[in-house]
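Two complexes follow with chain A in common, the first pairing it with chain B and the second with chain C.
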Partner chain A sequence: MHPNKLGWLLLAPTMLILFLFGVVPFFYVIWVSFHQWNPFAADPSMIFNWASNYRQLVFDAQFMASLGVTLAFVFFAVLSELVIGYLLAQAFMKDFPGKAFFRTIHTLPLIMAPIIVGSIWKLMTTPSIGIIPSLLDSWFGYNLNIGQSAMAAFITTVVMDIWHWTPLVTLSLIAALVSLPADPFEQAQIDGANKRQIFWHITLPMIRPAIIATVFIRLMDAMRTVDEVLMLTGGGPGSATRYVGVHIFKEVFPRTNYGYGSAISVIVLYLTIVVCWLLYVGLIAPRNTKKG
Partner chain B sequence: MKRSNPWLMVLFWVIISFLTLFPIYWLFVISVKPAVDLFSTPDIWLTKVYWQNYIDVLNDRTLRGYMMNSLIISSGNAVLCTTLGFLTCYALSRFNLPGKESIFFWTITNRMAPPAVFLLPMYLLLTQVYRVGDFALADTRIGMILVYCTFNLPFAIWTLRPTLDGIPRELDEAAYVDGASPLRVIVEVVFPLARPGLAVTLILTWVFAWNEYLLAATLTNFNARTLTTGLSEYVTTTGTEWGIMAAISVFTLIPALIVFSLVQRHIVTGLTFGAVKG
Partner chain C sequence: MSFISKLGVSVIALAVSATAVSAESSNAAFWAEAGKAYQGVTLHGVTESTPPSNYVKDVLAPEFEKLTGIRVDIETTSWDQMYDKAIKDMEAGTGIYDMVYIEQDIIYAYLSRNFLVDTTQLLKDNPALKAPTYDEANFTTFANYFRGENGDLFGIPMEAFIKVYLYRTDLFNDPEVQAAFKEKTGRDLKPATTHAEYTEIAEFFTQWGKDHGGDLWGTTAQAHTGHAASWYEYFESIAPTFGVYNWGIDANNNYAATVANGGQMNSDAAKAAMKYWLHLRDIAPPESVQSTWTEVATTFAAGRAAQGLVYGENAAWIASDESKSRVVGKVGVAMPPMEAGVMADAESGKGYVGYYDGGAFGLPITSKNKEAAMLFLQFIAQDEVQADWALAGSRITNNATYDDPKVQELDAKLNGYFTMLRDQGKLFAGAPPYPFHAQLREATAPIFYQILTGAIDPDKGLDMMAEKSEEELKALGYRK
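What follows is the complex of A and B.
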C-alpha cells in the first residue's frame, strides 16, 4: 500500500465525524435560515422565503436587546478578569511559603462544570438560602434580590464569571511574566524609573502578546456563556441577563419556528466570527507582520 | 524588585483562597441541611450533618439512570476521541499528506463556534436527517457520544499533536525496516511512548463530556439524559428542592475534583501553552 493511502485511512474516521457533526450542521443551519418552516403550523413544509427571516431579525427588539446585554457582560467580565488576573499573577511572582498550594487552590474553579458554577452561585445568592444576601442585609442593610433587581442579577453574573475564569487569566499571565528577561528591569531601576513607569513602558509592552491571546480566548468564551447564567437567573429578571446563548436556548427552542431560529443562530455565529476576525486583524496580525 | 514581607503575601493568599473555596463549601453546607433548616437565617458553621439528601439522590431511580448515562456517554466519548485523536495525530506527524496543516487547523475551527448556535441544526439533523427507519440518533447514548466529538475530538487532536511530534520518527522507521506492519508499529512502538499524553487527554475529554449541559439538555428527553440535565430539572419544577439540587451538584463535582488532583500540573501547562506561544 502506498504510505499516504494509509495516512488518509487513519484520518478518515475523524474527518467523517467532524464532517457529519461539524460541517453539515453549519451549512444546514444556513440553508434552513432561508426558509419558512414550522412543523406544527397549518403548512408544515419548508418554503423558501429569501431573506425575510433576516429582515424580521433586524426589527426583533428582544434579540437586539440580548446582543446589547451580551456585549456589556463580556466587557465588564473580561476587563475585571484581566485587571484582577494581572494583580494576582504579579503577586505570584514573589516568593512566599505555600506558593504551589495556593496556586492549586486558585486553579480549582477552572475544571468545574459551568452548570455547577451556576448552581453554586444560585445557592449563594438566592434570598433566605444564600449567605450573600443575608450578609449584605446585616452589614449594609442592602436587600440583594437577583430575582427582582435587573442590576443585581447582571452584576451577580459578572461576579460569577470573574470567580470562574480569573484563574485562567492569572495562569496565562504568570507564564508570560516568568519568561520575561531581568535585564530591562534592572536597567530601568538603575536609571531611576518608578514603579508606574516600569509598568507602562517595560512590563506592559513585553507581555502584550500574552494579554492579547488571553483576552482573545476569554472574549470567545464569554460570548458563548449559557449554562451558568441559565442556571443562576434563567435570563431574568425580565431579560436583564438574557445573553445571546440564553436567548437562543429560551426563545428558539420552545417556539418551533425553525427558519427564524436558524437565522438567529447564523447571525450569532457570523457576529462571533466577525468580532474574532476584527480582533485578529486589529491586534494580532499587525504585530506578526512587524516581527516579519 | 522590592522585597515584601512573605507572611503578608501568605495572608493575602489565604484571603483569596477563602474567596475561591467558600462558594464550594457553601454548596456542601446546603447539601447536608434538612429542608426545614434552610429558611432560617443562613449559618456559616455546620452544626450537624444530615446525609438524607445524598441517600435520596442515590435512591432515585431516574437520577441513577442519569448518572449511568453520564458515565457511559463520557467514557465512550473520551475513549473514542482519544483513539481517533491518536490515529489522526499519528497520520499528521508521520505522513506527507498534502494540505495536512490546513486539516489540522480545520479541526479546531469546529471548537470555536458557540455551541448555542448548533443546538437547532443539531436537533433537526439528529431527529430528522441522521436516521435509519425508526432509529434516529436523537436521545440515544451513541448519538450523544458522537455529538460530543464536535468539541472533544479537536481538543484531543490539539493536545496530542505535540506528544506524537515529540516521539522520534527513527523509532518507527527502525521497526518498519525490521519488517513490522503499520498496525504493529502503532500499537507496539508509538502507543507505549505516547501513553502519558494519551492519559491526560483521556481524562480531560472525559471531564469535558461529563460537564456538558447545553447539548444534552436539547438533544435528549429521556433515554440518554445526563446528570447535568437532571440538575436543572430540580430547579424548574414547582419549588426548588435545594438540598437535592446541592447533592446532585456535589455528585457532579466529585469526578472533576478527583481528575483535577490527578492532572493538575498538566492542566496548568496545557492552559498556559497557548499564552507562551501567543
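What follows is the complex of A and C.
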C-alpha cells in the first residue's frame, strides 16, 4: 500500500470521529442559530428567521452585560494565573525540602471536575459553615457573603478559577523553563546582567511561545466557564457572575430557547477567535516580522 | 372465652394468615412470571437526588430485580441536570431513559409535547402486564395532576408533600421565651396565622438570638440570588398567601400578567407579598441568600431558625433523624400564615394556601423497554411498599399509607404532618397547568434576582416582570 494511503487509512477513524462529533454539530448549531426554535412554544417547530437572533442579541442588555463581566473575569483570572503560575514555576525550579510533595499537592486541583470545584468552593464560602467567611470575619472583621455582594461574588469566582487552573500554567512554564539552555544565562551573568535584566531580556523572550500557548488555552477555557460558577453562585447575585457560558446554559437548557442560544454560542465562539487573533497579532506577529 | 370460641378464633386467624401468605406468594409468582420475558433487560431512570428518589434507587430497584430479574439503574442527580438529561433524551428520541422523574409543574409541558406514554392505555392494551396489586384507585387525589385530558394516567405518583410551616416547639413552649414574647408584644407566643404575626415572631427570635449570643434567627428564607428556588418560594409559597394565585397570570384572560391587562403579577397584593418576604429574608440567617430548598431544610435542622416554610419531603428527617438534625423531637407543624380571605378562597377552590409539591415517574414515549418499565412502575406503586418509603422520604401517594401503624407513629413525631397532608392537603395546590413553566421562569428570573439584590426596587421590578411575562408569552405564541 502506498505510504500516503496508509497514512490516510490510519487517520480515517480519528477524522471520522472529529467530523461526526465536531464538524457536524458545529454546522448544526450555525443552522439552528438562524431559526426561532423553542420546543415548548405554542408552535414547537423550527421556523427560519434569517438573522433575527443575531440582530436581537446586539440589543440584548442581558447578553451585553454578561459579555462585559466575562471579559473582566477572563482578564483578571488569566493574568493572575500567569503571574502566580510563573512565580510558582520559578519556585519549583529550585531545590527545597518537600519540593516533590508540594508540587504534587499543588497540581491536585487540576484533576478535579469543575462541578466538584464549584461544590467545594460553595461549601467553603457559605456563611455560617464556610471556612473562608469564618476566617475573614475573625481576622479582618469582614463579612463575606457572595449571595449578597456582587463584587465579593465576582472576586470569589476569579479566585476559584485561579485556584483550579494555576497548576496548569505552572506545569507548562516549568516544562519551558527546564528546557532552556544554560549558556545565555551564564553569558549574561559574566556580562554583569542583574536578575531583572536576565528575566526581561533572556527568560521572558525564550519562554514566550510557552506563555502564549498557555494563555490561549486558558483564555479559551475561561471564556466558556460554566460548571464551577453555576454551582457556586448560579450566576448571581443578580447577574454579577452570569458569564456568557452561564447565560448560554440558562437560555438553552432551562429556557429551551435553542435558536437564540445557538446564535449566542456562535457569536461567543467568534469573539474568542477574535481575542485570540488580537493576542496573536499583538504578541507573535511583530516578532515574526522582525525575524523576517 | 370457651374452648370452642378459642378454637374458632384460631381457625379464622390461621385462615386469614394462610390467605395472606398465599396472596404474597401469588404476588411473588406474578413478578417472577412477568419478569421472564424481559431477562437481560436493564431499565434506566433519571431523577432528582432526594430522600424518596434515593429510596427507589437503593431499596425498591434492588427488590424489584430480586423478584423479576430485571435490572434497574436509577440515576440520581441535581434538579437542573435531571431536566437537562430527560428533556434532551426525549427531544432527541435517543431512548436512553425508561423512566423520568416528572415534577408536578413540568407535566403540562411534557404532555403538550407528547413525551409520555399513557400508562392507563398501556395496561389496557397489555392485560398480562397488569400486576394484581396495582390499582389506580389506590392513589390519593394527587395523582390527578398527572392525568391527561382523557383522564388517563401519564405518570405514576412517587412522592407528594406540602410545603409547611415548621416551628420549634422547644422554643415556642419555653416559659422564659414565652414571657419575653408576651412582654414585648402583649400576646401569647403561638404559631402565626397571619403575616403580621409571623413577622412579629421572626423579629422577636432574631433579636433573641442576638441578645443571647446563639446562632438563632426568626425565620428561614429560600432566597438564593441566582437560583430558581427563590423565584419558586415567592410565587408558589408567599404570593398565594396574599391572594395572588397561579403566579399572577390569568390563563382565561389571554394569559394576562400585568394589572393593566387583567393579571395580578404586579398587583398591590403581589407587591406587599414581595416586601413582606424581602423583610423576612433580611432577618433570616445570613446563608439564606445562598439557600435553595435543600439548604433551607438544613438551616432549620441545624437549629438556626425558630420557624420557616420547609418542603415536606424534609419534614421526616428533620423531626426524626438524629444523625442529621439537631431539632429531633422539637418540631411543630402548622398551616402557613395567610391574609384574610385566602382560606375562604382555598376552601371554595378559587385559591390555595401554599404549594403541594411532588412528582411522578413517567414512561418516555422514546423508551425501548416500555413494558418492562411499566412493570417497575407498578411495583413501586403498590400499597405494600409504601409505608417504609413514607418513613424514608415523608411522602405519601397512596390512601392506604395513612393507616399504616409505622406511618402513624412517625406522624406523632412530626406533630401531625401526615394528618395535615391528608386532611388539609386539598387546600394546597401544585403549579398552574402551564406548558411554558421553565420558559417563563427563566425569562423573568434575571429581573427577580435584581430585586433580591436591591438593584431594582420591588414595585418597579414586579412591573418589569409582569411586562416581561407578557412579552415572553407572546413570543412563545400563547398570548395573542
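Heads up, the rule we're going with is that the second predicted complex is superposed on the first by the 254 of 292 C-alpha atoms of A that agree within 3 Å, B and C clash if a C-alpha of one lies under 4 Å from a C-alpha of the other, contacts with A are read in each partner's own complex, and residues count from 1 in each chain.
Following the convention adopted for this analysis, a residue touches a chain if its C-beta (ideal position, glycine included) is under 8 Å from a C-beta of that chain, and two chains touch if they have at least 3 such contacts.
Computed from a prediction, not measured in an experiment: that's the story for all the values here.
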{"item": "Clash or fit (per the criteria above) of chain B with chain C on chain A", "value": "clash"}
{"item": "Touching partner for A:Tyr28 - first (chain B), second (chain C), both, neither", "value": "first"}
{"item": "Partner chain in contact with A:Phe253 - chain B first, chain C second, else both or neither", "value": "both"}
{"item": "Contacts of A:Gln62 with chain B and chain C, given as first, second, both or neither", "value": "second"}
{"item": "Partner chain(s) touched by A:Gly238 [first = chain B, second = chain C, both, neither]", "value": "second"}
{"item": "Chain B versus chain C as contact partner of A:Ser128, first or second or both or neither", "value": "both"}
{"item": "First (chain B), second (chain C), both or neither touched by A:Pro44", "value": "second"}
{"item": "Superposed model, chain A: greater residue contact from chain B or chain C", "value": "B"}
{"item": "Touching partner for A:Asp227 - first (chain B), second (chain C), both, neither", "value": "first"}
{"item": "Listed stretches 2-10, 92-100 or 308-316 of chain C, narrowed to the one that overlaps chain B", "value": "92-100"}
{"item": "Overlapping contact positions on chain A, where the chain C interface meets the chain B interface", "value": "122, 126, 128-129, 230, 253"}
{"item": "List of chain A residues in touch with chain C within their complex", "value": "38-44, 62, 122, 126-129, 143, 145-148, 150, 230, 233-242, 250-251, 253-257"}
{"item": "Chain C residues touching chain A - in the complex, by the definition given at the top", "value": "80, 83-84, 87, 91, 109, 112-113, 215, 224-228, 285-290, 295, 304, 435-436, 438-439, 441-443, 446, 449-450, 452-453, 455, 475-478"}
{"item": "Sites on chain B touched by chain A in the complex", "value": "1, 3-4, 6-7, 9-10, 12-13, 16-17, 19-21, 23-24, 26-27, 30, 38-39, 41-42, 44, 84-85, 87-88, 90-92, 94-97, 103, 106-107, 110, 112-125, 129-130, 146-147, 149-150, 153-154, 157, 182, 207, 210-214, 217-218, 228, 231-232, 235, 242, 245-246, 249, 252-253, 256-257, 259-260, 264, 267-268, 271-272, 274-278"}
{"item": "Chain B partner contacts - residues on chain A that touch it in the complex", "value": "3-4, 6-8, 10-11, 13-15, 17-18, 20-22, 24-26, 28-29, 32, 88, 91, 93-98, 102-116, 119-124, 126, 128-131, 134, 163, 168, 171-176, 179, 185, 209-210, 212-214, 216-217, 220, 223-224, 226-227, 230-231, 244-245, 248-249, 252-253, 258, 261-262, 265-266, 268-269, 272, 276"}
